[in-house]
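First chain A sits with chain B, and in the next complex the same chain sits with chain C.
Here is the complex of A and B:
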């Protein structure tokens, strides 16, 4: 919306422009944004590789989505897609190809012309071969033909649901310059440290542990954009310091819950600051109990259901998540249209029923009041997963399961859960990425080799589940595909191989000086070309 | 030594007596914790973030998950004292063993043992403790072991120094003439006479062990299945601006306990050295 408005230099943006932003902070929608200024942003970590085409992760996109652009980005409503480097796309009826019209008149930051050859190179050499999710989504991509510089035709070796490819575009289609990468070791290319892109900002300077500086690209293809002169990311590892910097006015913006949820509640009452979960609809996390089916007790569905009945998600939502989130009904969050369904098995909080289920499964209470012992490994990445672990320990002890917490550092946790399977229960935050086939079904499909993180390392094997997932992955008809994913959600909640608890977005803290923000479903990972400072 | 005189002198030290009283109270609370607060102190019992004195079921309030802070404080005293005492005991045992052997035998044994001691002394104690916990895994026992392993160098040095002077004395020569073996001379003759300064140092180690345990817990390397003071402080960190008492109350408990142990230690020092002790 905002990006299509024509604004001449130095003129102000009219209030109407803030249509999307208006639901965020009513007052600020009518604030006047000018050209110029430095946007001060908190960065809580620094990636070692800024090549967003290889590492399709939110932490990388937070910075590089301003420098490198995808073919299309996500918007709410309509087709859900906004043209970026591609201006249109036409899937063939047989599902074997998609034709992209590529934007004309776009230049790389080093002055070279951008063309469909760059798209073909990125798709074949990077997304398909090197990218974490692209290796799955683009595995059947056979060739990308470029009859002219404005056309790229993606050819697939077998029929592919175009819905999946289009849903994957925002996160998985970052285009990198062929002239800098061709014939080099792509993963080791120096441009990964100082990316050269087509985006509204150029990657100017990085001082590790201090800051990352992006400068306005004066030759950006969208006229009169970007609005701000510079984006300065200050590296701030401490959540408390970030909150204090917001209060002192040193920061305009922090994303991805750079302040603790408790501090966020406090900051939301500070004048001149707003706290919101908007702008994360496309990158929701689901706090999930991962279950090791190698434990014979946990292989019994009655025990898994008992664990779910022992948990009070309302309490979790109110305390651990401070109300920021929603109770998960299944593996796909409510924002996951068109696939989402509520027509699945429900497990209300009922410790008595949980105990009855455990008794029925043959695990009676021993003389010490315990039925069996379990080891819980909460993921150390998030405050929420750690606290959920503390809660789960107490919830399970109440139904006679002697649960103990084991804490590990991040690499230790990944190795123990996803490689060595040395856990009974783990608490994870799993991301839903706009389409179940991107990073969700891999949690339920059997056959993943040990060592692949955030995949089925649960020893859960179910032939019907595998069949359902495979069918959906190759179904070309969008309606049929949706139906298959509805069936998938039902089966997940009936079998409960892992236990989704809370869908939670990240939090942003933003100064009222910022205009046009959090107006797309994955806003922190968008280009920010329309953001300005009042 | 003159044990009667020692006790007499300690009694006149007001700070030492105050420390002893506070420490006695902490020990009492720790011992009575399971009776005063039966059940798991980590259990979620009330509304989260109840303020102190707001609800008399939880006189000191509740933390982020609704766990009783007073109960955590009492049970946490057990963990802190356990870690403090076990770590100090372990450090003193290792220190005495290495220091006495080095001081008594001298020569290349002394040389090699002292180089080993210096190696440990040059590595910052806390960093070494962090590394040891990372290897052994978090838990109250492994924390006590880790702290013992990083704090034995002080007792070793002092023991060695005492042995270096005491082994020149007549009673040692007499013992040797009587045909006593090395181990008898070390442990029966010299050690009892060298013990006083080592015990004083022990109180310092108890205090620093309690602090190190808290710091480790604060960094998330404490025992996650036990209420400890450091962990209580850490859990309150994210709500520090809105609910300061969650961190401040266990912080005050640590302050009080470490202060008490230090006062007792100072009293012991003064009593052991009458010339510097009497002002």
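Here is the complex of A and C:
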């Protein structure tokens, strides 16, 4: 069957960014800059803990991915994986083990030899026990055998999908040194504040609230890398000041939308600067309307579909997102190969249909023109989620739903939505982490205890959905598994337990002096060993 | 002592004795105030939805139930609130401010690291605001009702009504981005190896814009206060006497009127001190200065009770000390005032 026509998908660069886009001269991507120089980067926050093996988070990786390395990193095309600390991986046919060949001749920054023992220690003691996502992905990991320093064999207690483990490697397989952590309280180890790794840069100095200094690792295993001598992260709390620092030339680079969307549009026209939405394909966010099914109105699928029909995603994309993003077709973004499908239910912008659905569900307009009232809680972490909340309020009022906005700060929002369930609708930005089983299906599977954020705290319970998710989680055949996730996407878009709206990348502002940037799908969280300054 | 004339020595002794009584009385008053502040802030932060673990989990993009439970136990957040308060007060009595949840460092270290930056910024901007306020206030009072007076007052009002962050950003755009005269962020050059006078000069250059931004907002208050005080004193008999003696206008203004009009300014100085601690959150953020204001803001946003209470504790001490000094100054400036 021919796939249904898709809602207009646009490339992320538009209008004002045409100029910026053109500054990505094809040849420049492979240009070789000079050795040396200091790369000046803005950091909009500082992590509590720099141990990327425990806190698998973009904010942590932004700094520590230059110091600590994973077994493999993400690239676009091919297998999607680039060998880093592992040189190859071979899953067993029975799904009960994966054999990793470990890179030889690698040394930790303190001079000790790196070996498969470090991998085994990290996997068993840290990823499986302490990591925020690893506890799910590695839950069936029984042991890691190290027959020799170049081999690590991951043994699982039952057959597991190797596809999931491999997809998880870029974000969840950061290796930390066994000799510094063994026998200590890992979560409290002082090395979490000053990490020792195998990466192209060493963690030299940090002054909280001021800067983080990384220095070139002269003994890096990849010959002639890294290119720059030093990376200096300047901690900047204010988006306006960050934009000014780009203009004055004090910064080479800022990532994760450290400037406002409006400033990004302006800076893209400044000579010597460009704005990039590339390099985020592997860490896209989906702006999503979260729905509390405890509200009897919202438990009715017709009401949820009405809400989706009342929203004009094209308008939202053009105004709130300034064109930086694409209309979401489902729970997995278009870059989520091989799982992504467009063969799902569509909900075109149609307020009349929305009103008809609400009438049909039995919620007729009252004398004041309203059917019922709803409370919207937009997540405060992003400019986009806050503004989407404002838009949604107006869109719902148009179809006779009296919507009110309630704003909270970050912990307040987390507690109200995910712990106390004191919301009707919430606007979230949910990240897709390269495999649906890492942090996507948890949004739809029932049974999550209250208090776990970015999970099904929606009181949505559907036996078929649970079954589908569980089947996919244990399916060891990659093709079969992909098919199950296609079915999953269809089910999500038919039931619409929560409502995906826009897939959006972060924005980077980068100086033309920087060579080799934004060339991998999760570039801000990559090693930057090849980055240089012209 | 013996070298000084007898009468003067006795006066000094009397003043010192009075100061001691005052210090003792103030300390006795301060103690319940500090306890109230600590308990009040603890309760306020407890009333706010969400705790430090919610905030942390949000920053790392989520985690499963096991990780969340482990963190709560680690931070002692699994205890009932009353037990947490008790534990905290017990630690505060022993002057142990605890460990910052946010940065995994002792709170005291964190505060002592940031305090010099904030104090430097505050001292320089208060001095500037005070100095400018005196100059402009005197100038306006001496030309009361004339265009110069109106101009000064209007300008003061405009600057006063301008939001601090905007003023800061505009100064950055003009003096750092367009003219490239001054550095736009930080307290000193990042990871610099400067020492001695070169470092002092570097810090001074970095302080210019934030100091001006912060001072401009407060200049209006001091200026208005100075102007009003001057006008009041100008109407007193002794000024007429001075004029009759044939003293110059300058001498009357600076030597006779100003000293008698400056008392409300000193009061304001003491009051402003507390405000300046808060006002600096914005300026510290805009200029990326690692100071106490920003730390306080971050600890509220992250529900880091230990850091916040540590800062409140230190700030309370600071404000109480400054007010004590102001009271002592009063007695010096105007002997008629009993240091009550």
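By our rule, the second predicted complex is superposed on the first by the 502 of 534 C-alpha atoms of A that agree within 3 Å, B and C clash if a C-alpha of one lies under 4 Å from a C-alpha of the other, contacts with A are read in each partner's own complex, and residues count from 1 in each chain.
One rule holds in what follows: a contact is a pair of C-beta atoms (placed from the backbone, for glycine too) under 8 Å apart; a residue touches a chain by one contact, two chains touch by 3 or more.
Only a predicted model underlies this, so the values are computations on that prediction, with no experimental measurement involved.
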item	value
Superposition on chain A - do chain B and chain C clash or fit	fit
Which superposed partner A:209 touches (first chain B, second chain C, both, neither)	second
Partner chain(s) touched by A:47 [first = chain B, second = chain C, both, neither]	second
Which of chain B and chain C A:241 touches, first, second, both or neither	second
Touched partner set for A:428, first chain B, second chain C, both or neither	neither
More chain A residues in contact - chain B or chain C	C
Partner chain in contact with A:228 - chain B first, chain C second, else both or neither	neither
Which of chain B and chain C A:439 touches, first, second, both or neither	second
First, second, both or neither for A:409, with chain B first and chain C second	both
Partner chain in contact with A:387 - chain B first, chain C second, else both or neither	first
Minimum C-alpha spacing, chains overlaid - chain B and chain C, in Å	5
Residues of chain A at both interfaces, chain B in one complex, chain C in the other	240, 409
Contacting residues of chain B [partner chain A, same complex]	40, 42-44, 48, 64-66, 134, 137-138, 220-221, 224-225, 237-243
Footprint of chain B on chain A - complex, ascending	239-240, 243, 260-263, 265-266, 315, 318-320, 380, 383, 386-387, 389-391, 393-394, 397, 404-407, 409
Chain C-touching residues of chain A, taken from the complex the two chains share	45-49, 55-60, 130-133, 135-136, 187, 192-193, 205, 207-211, 213, 232, 234-238, 240-241, 244-245, 247-248, 250, 381, 408-416, 419-420, 431, 439, 448-449, 451-455
Contact footprint of chain A on chain C as seen in their complex	48-52, 54-68, 70, 74, 101-105, 110, 113-114, 165, 168-169, 172-173, 176-177, 180, 183-187, 190-191, 284-288, 290-291, 294-295, 300-303
